[in-house]
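We just call them A, B, C, D, E and F in the order they show up, numbering each chain from 1.
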């Protein structure tokens, strides 16, 4: 029986300059639709669960295109509501080597999603229905209406016995008031969450926790258990990532559960499309939890999921369980016939 | 000595689905940057004048791309100011035959242009410099700040002896308060204008003028002279257009000057890209005025300019005087080698 | 409450040379997935019903791509089963003017669909669930297994009180034994059908009926009532189509119900993509039936649906009820903003 | 036994802006390789003969690409020699409706072909081998070296009993000295030719012949027989073409043989790619001659060949005999499956 | 005097997703035509020999396109026969980094080639004509008819004094009966062959030979001489290849002749398009043999040919002798002007 | 107050095969317009100065397209004159790994630029106006007319107190008479120059200077000071570059000023588009000089500018001062949002 994974988040139109040109050089764009909620719902569908997205899109050609793309990704549209006037959008220029990729946003605060309130969704049905609900810090940074909907939905799912997953995903540019503005909202969400995606930086910067440790791992090992305890969180997971050189990144995942840390090996890998790797990692953690994998296997599965997502065009993970397990083995395969 | 034509208006990013697919079917877009001010400034440049745009664009990759495209069109960037955060955008799906083209806008009210006030531009220098300044009803429909800038600039150019051109271009969807809201603003602009683009519908609907005539031509002949008299307008010009059948339109232009109407012949023609034909017509009228052509020649030149613009990809007219004069002859040419 | 429309048919991969080049000139192809069942299920979804497809596709990258495309079209995948090894495919070269379009098929008899038997589908659930089931003569021309599944499913839906729709759609190249081979299978399907898509040619050639009439309309008026009577068919509908000149076709639809014919007007229209127009017409008839429209309105709605489908890229109709009703008015619209 | 058709001419690289943009708007080009000799050799190959091209191309990546394209068209490369440094090129911007297509040449006088002399080809082998040799007025306009090669080859083929075909194809922009410069060269070629492509304008302007007739047909009927007599030409054929309106042209072919004219009907048709239609007509005439068709059938075949070439992308005809015969019937076909 | 190299094998249509998207993400494909026989015939042509392909393709737009592509590659079409109904096809999704490329085949057993028997080719002429004939294990895995044609042709070429080359190229997925089914067919071909492409794995798995050695090189050195002796093979050559990391492969070639092994150095290199590298290696070996190069030079030439083929788009090698010799030097060049 | 940088040089049309195909494989090209003068003028504009190009282009669609592209790059067109008939062009096939990129030129000696003499430009105005004028060795290799214009302009700018910059940029294929032919022209330019781009190879080969040193650095340190002294050059700068492996190059810049060398660190970096890196380095040196940066900072700035240019599509540098300073830090950034 597949689990029902419900994600909450904005559908963003991604408008990407093909190849490596700048917007000022090119004249075509490739478009898809993504967002953290989209990515996690789609990834969970690829892993054999049922992925539902809670979002609002406008009743116009852009909204219709968005719905078609979500359906193409295998996302169930039961909880997508029509309304509002605009889609959030971002433009992506691919970097190369020393030149970083650039993302330019349109005014997403006016989007259908960010102008929707809790009455625009049938939160009770969703809470009744969901096995897992997933939220992220990007939505938390948006508007009061969105924050209220998030918290209400998290509370109701929790009441109905569903699992609440929260990905901290702090984006500095989205919080005009900085960490001070963000902190109380994060604390509310952490208090409602069973599974949290974060690392030591979130503890230090958002929650303002202190540590004398100077290494990332030292800080992690000191702070994450405190967070788990403070907010009664069952599972905390996250990654340490590094941009090593031209298109080569490295990633090491961790999971903290039952007062124990498990780590994946530090792996280097080529990156084709960087965006969405975090959501693939989250999906791997959720999949491990839902399938009852050991923490060791879960973190390795999640790390492989994150790495494979970097080899796929677009923001949204496309790998199946079989493909992720093959990547966990680390063997480089020749052409699959 | 080329004349300095200064236009005022928003730079819109046009995102077009290539060919005839819908947004829900395709995955690429072609982009250019246009807008009434852009189109008229570029067209006047092609006709041998110097075209300047007064506008504001954001200091980000989209704004840089916009500037590059304007430069590519030969527009002088002296009066383009950097500031604000967003670009106005519209998505275009090409129709075919019975199926109409569709345009979907993003939230342009938050654009750099629509959030700029008169202090964001050096209006005094512009007024000192301009031989002609061109405004249009689309900008008039935007925000109070934009309206104030328009009126201030029109007034100062007039004071300095420049010619003020105003294209009524009423877009119903942009005026929430309808004709009642629009009327006083239009009256202010008409009172400042030397050359006005409009037809009998604008007189009836925006200005609320009455006529017992039932044909378009009858209404035109009765109302336009009254408008010219009432607002002391030197020249009023415009068109009657019809969608005759699949991709075939017809156009008949008129000009009213010295209490006399002149008309171009009614011509049918194939349409490749409908958008921007009105701006090409306007440019033709302005060119005729600046070159001292007779009203008969001016209206025929403007009509040919409008028709050629429908054969060109994109919103912006690209034809030279020589090409327009060749089209005026009506001869269909084979390949030009 | 939306109706459940279940269609049965093969999913074909359509590989089209872009523009107007030949396969021997080009080096890229655009691909989509279609088929009569796909087209009707998708069109009914666009019209506000729920469209389900009964089909079988292979568990490989082609099958996964097919599923994604069907989902993108809004088709529900509940009754799509995985299995077999191959997809049916066809290559399309667009004609121009005097040069006709060309379709080249791969060996579809070995496809997942054409090698599936009735045990590969859960026919009982489908019969229980469907309000309407749709079949077509192309599937009937395939293999004994496919024919057996068709007839079994038709019978069960009929037993459960659902409506059986059958589109004759005779393709000469698919029946090696010609009309003689086809006739008994068509007779079985006609005997099970409530709504049938056909015209006088099907009556004469497939069923071998005779008439002394020499005009198409004369033959139609004589033969269709006999067919309806003989097979106890509630509704028979179809079209007369003509290729008039370069890219201009004409279409006149008819519907026969309660011993009365209704006709739409004969309309000429520009054709962008000819394939799939028949399925759009069928969807219009089904929609009229399900909504209880009068036969006059139904046939006009279906004709407009068929015409709009010719203005859309790809085989699959994309028009909403609102768009079809607008086309019924016959007014040519300018750009929709 | 297929006939050996040898054509002589420059291989031009055609660089076309895709769709309907101008060079100043686009940033991609599609390229092919063509030229009168290429077109006729390829067309004759499609019609079941063997087409050989006599030309020279540079030993560099452009020349290699040219050779690959010629081979792709089925042209035999036996008589293509390597040498020189440059390829002739032209850029093509497609017109639309009132806006004419534009062709811009690079400096072709320095091309490998135009700098080659008769010693760069094995003219004796070619003359021994060819059943038919084809020349055209474009090559005649080039350089003294090219002219000398043409005349030498024509003379040798004639001596060996082969058929010499000459297409007048006068291009005003290529003759700096105008008709006066061209006349003696044309006279030499006409004196060597068995089959000539021309019409009354060539007689009047190039050969300076006089007539009192004022209609095209009248002039044709008076002058062509004189030309045939004067230069001992077996067959003279040509067309009257008109650009009627947007993308609609009309064509009427004639052939003069045994002191008798035969004409094809005047036909209107849609044009996709205008360039190369004349070469398709020539190929049709040559095919009729080689197959021993009656003049009536030959001229109708050639006209249909010319019309079909206008429906094909690129300069080079691609139609088979079967397709041309189908077009001769004038029936518009629906999709060919 | 160029040698006549005749290859025998299926023409496959390769349909590749451009860039790095999956079939489920993209909507365009790039197509070419290839196959082992195609690749070797084309590569030998590039190396200055004459390459002929023995194959059968259908008389339809796909077959015509295939022929055009083969001609474009410089392959002579003398021995290509028309017939049958289908083309073999495969879809290619490019991998990236950890994600492997995927190949999906259509049902090639029904292709024109795989349904052809020896009477569909003029084997006697071919045998009379060929200096070298090339076969491969992929064709051997197809149908009895194909196998019979292979063996007959090999026998006749041998009788006429031509060289028989056989590339073992065992593909597990193509032999339903596994090595047991394959072995007798391989033994027959080996007994007819003068030059064989294989390595120690083929000896162990196909021929069932035993060795106590545990390293690849040890096994190679023990088994290859036994194979050569057993089947009277003049030359055996092959490679050891490894996928080292993201897009970096390594290759070391060997040749065994006159009871002596020669090896190329083990080289690492970036891979753009992996498919067809083996055929480029084979062509290098054949070229060395035909030119009388020393075994040492031959194996280095073949290895460089294989490496260069990995830098070229498509399956088919495109390098000239000069380019391969430049690559043998191992110097990295900057832009060649 | 921005400085006026005037560059002198030919505008070349760059026609690039997209991706990694050969001209013989592809059928589309991407085009831009570039050239050393274009690149330096555009790069200086990006760095906040005003970039003007002195060049001549033909009054035809190619010339118009060229002008549009130059304007798009932000180049001021005041000193571009219309005239002549042709554009210089080059075709670019991208290499991959072991396979080098290839450039094929058309006959640029007949271009508008190379047939222009000093009377085709208003050299006096330019000399009056320019703060810096930039020349390069490619133009010096062209025609006597071009050389004369170069020298005249250099002399007049010097007289008016402007800075003369000369980039040696010796291209062996352009000087038929080799170093002997080039030497006197180089000497004249060096005698006029204040800033020179060159390295030890230019001193040895063009100027024929001798050294016993065997390392590049040794030769550099011995010869460059002599050159500076001999020709009274204020600043000499240049680079040592190496192609290390597949798409990885290394670069070390030097500057010699006030009898002192400064060097940037030797850096390795991935290369996307190799062409134009030298012009970006030159622009960095000029910017440092104009801004009064220390030699150490200038050479590091120029090196980072050169490296970033290799990450940008096309020949022309696009980086701003901010982006170059970020690259100087050497930190690899993740996505910039």
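A few points about this structure:
To be clear about the criterion, contacts are C-beta pairs under 8 Å (C-beta built on N, C-alpha and C of every residue); 3 or more make two chains touch, one makes a residue touch a chain.
Fair warning: this is a prediction, and the values are worked out from it, not measured in the lab.
Among the other chains, D has the CA centre that is most remote from the centre of subunit A. At the interface between subunit C and subunit D, two copies of one sequence, fewer than half of the residue numbers in use are shared by both copies. In terms of their C-alpha centroids, the spacing between subunit E and subunit F amounts to 46 Å. Per-chain CA centroids place subunit D at a distance of 42 Å from subunit E. Shown for subunit A are the residues that touch two or more other chains, namely 22, 24-25, 27, 67-68, 72, 102.
Only residues 19-22, 24-25, 95-103, 105, 171, 173, 243-247, 274-275 of subunit E touch subunit A when the two sit together in their complex. Of all residues in subunit D, those touching subunit F in their complex are 15, 18, 22-25, 27-32, 60-62, 64-65, 67-68, 85-87, 89, 91, 93, 102, 104, 106-107, 110.
Taken together, the subunit E residues at the contact with subunit F in this complex read 72, 269-272, 307-308, 310-314, 318-319, 323, 327, 332-337. For subunit B in complex with subunit F, the residues that touch the partner chain are 67-69, 71-74.
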